[in-house]
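For reference, the structure is listed below as structure tokens.
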Amino acid sequence: MLLTDDEKRMRDGAEGPAVAAAMDLLLRYGRAVGAERLCEVRNVAGTMTQPSPVKAALVKEGGWDKAFAVINLDSDGDFAIPDMRVPTCQLQHGFGADALGIVPYPKQSIELQADAEAFYGRHGVNILATCTPYQVGNLPTFGEHCAWMESSAVIYANSVLGARTNCEGIASTGAASLTGKVPCAGNHRDENRHGTHLIEVDPRTGVDNFLDWGMLGYFAGGIAGEDHPVITGDFGRPDINDLKHFGAAAATSGGVELYHIPGITPEALTTEAAFGGAVPADGYGYGPAQRRHVYETLNEIGGSPDVDFVLLGCPHASVDQVRQAAAALEGRSLSAGTELWIMVPRALREIADRSGYTAVITRAGGRVLTDSCPAMSRTAPAGTRVFATDSAKQAHYLPAILGIEAWFGTTEECVDAAVTGRWRGELRP
Amino acid sequence: MSTPSSPSSPSLAAGAKLTLRGRIVVPGIAVGEAMVSPEPISGWGGIDPAKGTIIERRHALFSACFTGKILVFPSAKGSSGWAGFFQATRLQGTAPLGMVIARISAKSALGAVVTRVPTLTDLDDDPCRVIATGDYVRIDADSGYLEVYKA
Amino acid sequence: MLLTDDEKRMRDGAEGPAVAAAMDLLLRYGRAVGAERLCEVRNVAGTMTQPSPVKAALVKEGGWDKAFAVINLDSDGDFAIPDMRVPTCQLQHGFGADALGIVPYPKQSIELQADAEAFYGRHGVNILATCTPYQVGNLPTFGEHCAWMESSAVIYANSVLGARTNCEGIASTGAASLTGKVPCAGNHRDENRHGTHLIEVDPRTGVDNFLDWGMLGYFAGGIAGEDHPVITGDFGRPDINDLKHFGAAAATSGGVELYHIPGITPEALTTEAAFGGAVPADGYGYGPAQRRHVYETLNEIGGSPDVDFVLLGCPHASVDQVRQAAAALEGRSLSAGTELWIMVPRALREIADRSGYTAVITRAGGRVLTDSCPAMSRTAPAGTRVFATDSAKQAHYLPAILGIEAWFGTTEECVDAAVTGRWRGELRP
Amino acid sequence: MSTPSSPSSPSLAAGAKLTLRGRIVVPGIAVGEAMVSPEPISGWGGIDPAKGTIIERRHALFSACFTGKILVFPSAKGSSGWAGFFQATRLQGTAPLGMVIARISAKSALGAVVTRVPTLTDLDDDPCRVIATGDYVRIDADSGYLEVYKA
């Protein structure tokens, strides 16, 4: 790779062993992706604080410096970690102290994480603690190079904001935070950002709500894999919640990191622009039959209609989604055997609290929880066998992670299931 | 050097050898039995690093263990925890011996790097088609060759 | 105006008197702006809760229903206010209970506002309480029609996000919240979104930091007035904080609601695209002399170097700006006679708290305050005669509002002034 | 009807009359003395609604009172509090009698609407040039005419 003088200095240790280790990882990684050079980033979103058995052992052995070296830099060296060189934030992680006694999550993990937050905060990591940094003020500008992980955030940043990031990992974001560099490959380069698969939404499909945007995303990921679907045809204008759901689903069923919706995402004013020229003659149709197939796939692990647990807020809910959940729960009470969690960034729970929404949800017996999610923390209410969610991503992952059954439906169907203890969802035309 | 790869090889007789040429992702040499995934692999939510197994319920290799195998797969999918989960297989002793990735991405490239196992990609034939689970494989990721001995 | 059947029904009272009053205001307003029709919006950012003597009297007379009717709908009618028809948020307002005893702000105003928050929260208003709704998750998508007020938020939404809103007012956002409609004029229409004034940044000017982006914005507003400046030439890539400062300044010195920076704002991939065709032959140069002139204008009301008060966070600071302020204050103490306030959305103070930044600032004697600002609440520490700020907007307004002297400089100069009690800022080349 | 407006009128003799045609913003008729601003006006941070005065320090009309006057100005600038501040002048009895706005925007249009005073814009000559402070003005915003009697 071609390195600048600055980069050679870092590689050779002029900025200390941690930065040299970070450059070493970036060079190994750069070769692996076939990059010719590095590009500058000053917006890094990674994860340092998430508890794990491996991390707990490393911290015991050599403190957080050691854990960062091994996990976040893939280094065997022993050195102290300097302050972050460029703005860096922590994404979602485990549950915090506000979930103690509410969520079956180990107290030691909560304590380990609190210790991590203190350490990394002192080193200049903004503890956003959400999978949706763009909901709490981390807004890369159009065309800005970033190093983000979290697949649902990456696809949002690339597609909706027009920023440029690959789906980075723990080690590459760690290395980027200490160097302000990342390999300049993949989504960083103009020629790799065009559409690849045309998906045409049939006017009879009725894509105009949160549920349907999630299903369309799940379909698009299945079609495009790691490529770039372009959505055309007949649908209602999506809002941020719809696009959040669409992207999370497409990144789950496939590995989509970038999509275009002409007229709605900023890099594609037209379908021609989305493809950078010739539009494929044949598109993949998304009509009522495809929609039903997606719905059935997402519901195929659901068998029993007795719902123990309802999960909303994946990716983390916006204030407006909390408001909608509160409106659906107003004056009602959850079934005795059912719990309802809605996951939000802790910063936005502050707004839900003062707007009175948290109180409505809590009065009904639900919980507004922060920082994490059942999949990330591998936990659900004790004894959960069957859960329901309005998130295609969570319906996909949670059965594998927790060995439970899943129902997927609308937010209102999920709230009804929480109130009645029974799943009565169905696909409406 | 080696013979060029055969364009149609899945039905080769046992003991037949074929050689593919590829791009080096992580240098080194690894020799072992292949475990071939017909579909992309998730890291986070897709594998259990403590056991080295595939845990995605809808996956063709659900419950199979890749520890000590040469993991051959078309691409990575899902969460950006991919590399971190494969790094954890190294730290917990459940890693594969090497990787052959038909189509690489940032996610799987970093995953191979932090798993620190010899890895090739961009081969001159589709490795998920020409290699079968149980074939014996030698990754030479110093020179960029992959030798397959059909089982 | 051409009205849809839906709009006629609302006008004629089918949805009740409050909605009819809202439609009446929209029709009066639509005629005033020469609109041919209304357009649909489902993202409204306005203000209902901000205390004022007029509002206090109205609430006393007829409760919050009356206050909303008079102020937010410009109606003399007596009716109850229904729930918001479309997602609606409260922008910045007065100080809240967390400022009690810290900021010289009347307890009655704090109580009146708390009462307002409860009322409007019950009616579905998200109490974001910030001039930067985009920093707490209110992210309109590219091309989305909105009804926002707050000039610094409007210019951000139009220019950086590519959304479409005029600089609405209290009554038009109130009417939009109950109808989901706003006159389709001005920035809502393609033909009104092109650039009008070319501003060419001289390579010697050094526009690559927060201070300079604010000064360039102040210059651009002076040139373009209510029109659409297009910034070209030689400058460093701005981040969200830079663009926030640029826009707030341009909306202050002029009335700019939309600008383009080719390659950085999404509606202008090229300068030609920004102008929708022919680029003006003559641009306005922004070089060292123009830069110095802006600096001197912003500092012309500063006389005494003895600084009583330092104000950061206008528009409301991001977590990263709080981190930078904390880094500048680490291990230092404010001068005995000087106060330092940094204004943030309350939601983001949550993140600053857990990241340890608030503690660093508080240990030094500074304050991290929320919801409001000195200009909005017309207050500063008792006895303030001279203040310093890193915000061109606040330097412009506060002398008029509070009758105090102003110094404008970098964040670091402001922090130094807070620590030493003396202004030593100067314009560096 | 009226005589067409004169293209160059600032130096007209006292008592001279000229008529401009404009677009109706808020209908009604208002008659009074003109207060002409040579530069745009801010609402929030620019006026004090309790007193009906201009408070922006750098403004040409700093400290002048517009209550009971016909306010003639080129455009609105600054915060979106514009209309709310002018509405407050109505509620507090300090409003102008009418407005003539050379170039209207959403901000000033809404401001005129909620101040509820007869207002014209888009005139066929620049009102800030042809009208001087102290001139006597009749806004007929039912028909769309502005009569100016030079002082």
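Details
We call the chains A, B, C and D, going by the order they appear; numbering starts again at 1 in every chain.
FYI, contacts are C-beta pairs under 8 Å (C-beta built on N, C-alpha and C of every residue); 3 or more make two chains touch, one makes a residue touch a chain.
Only a predicted model underlies this, so the values are computations on that prediction, with no experimental measurement involved.
Contacts with chain A and chain C are shared by no chain at all.
Once chain C is taken out of the picture, touching joins the leftover chains into the groups A, B | D. Computed from the mean C-alpha positions, the centre of chain A lies at a distance of 53 Å from the centre of chain D.
Remark: chain A and chain B have CA centroids separated by 26 Å (rounded to whole angstrom).
Of all residues in chain D, none touches 2 or more other chains. In chain A, no position touches at least two other chains.
Touching chain pairs in this entry, ordered by label, are A-B, A-C, C-D. Residue ranges of chain B in contact with chain A, taken from their complex: 23-26, 40, 45-46, 50, 55-57, 75-84, 87-88, 91-92, 103-107, 109-114, 116, 119.
By the touch criterion given at the top, residues 25, 28-29, 31-34, 47, 52-54, 70-71, 74, 148-151, 154, 166-172, 183, 185-186, 225-226, 251-255, 301, 375, 396-397, 399-401 of chain A touch chain B in their complex.
By the touch criterion given at the top, residues 42-43, 87, 89, 117-118, 121-122, 124-129, 132, 134-144, 160, 162, 237-240, 243, 263-267, 318-320, 323, 327, 345-348, 350-351, 354-357 of chain C touch chain A in their complex.
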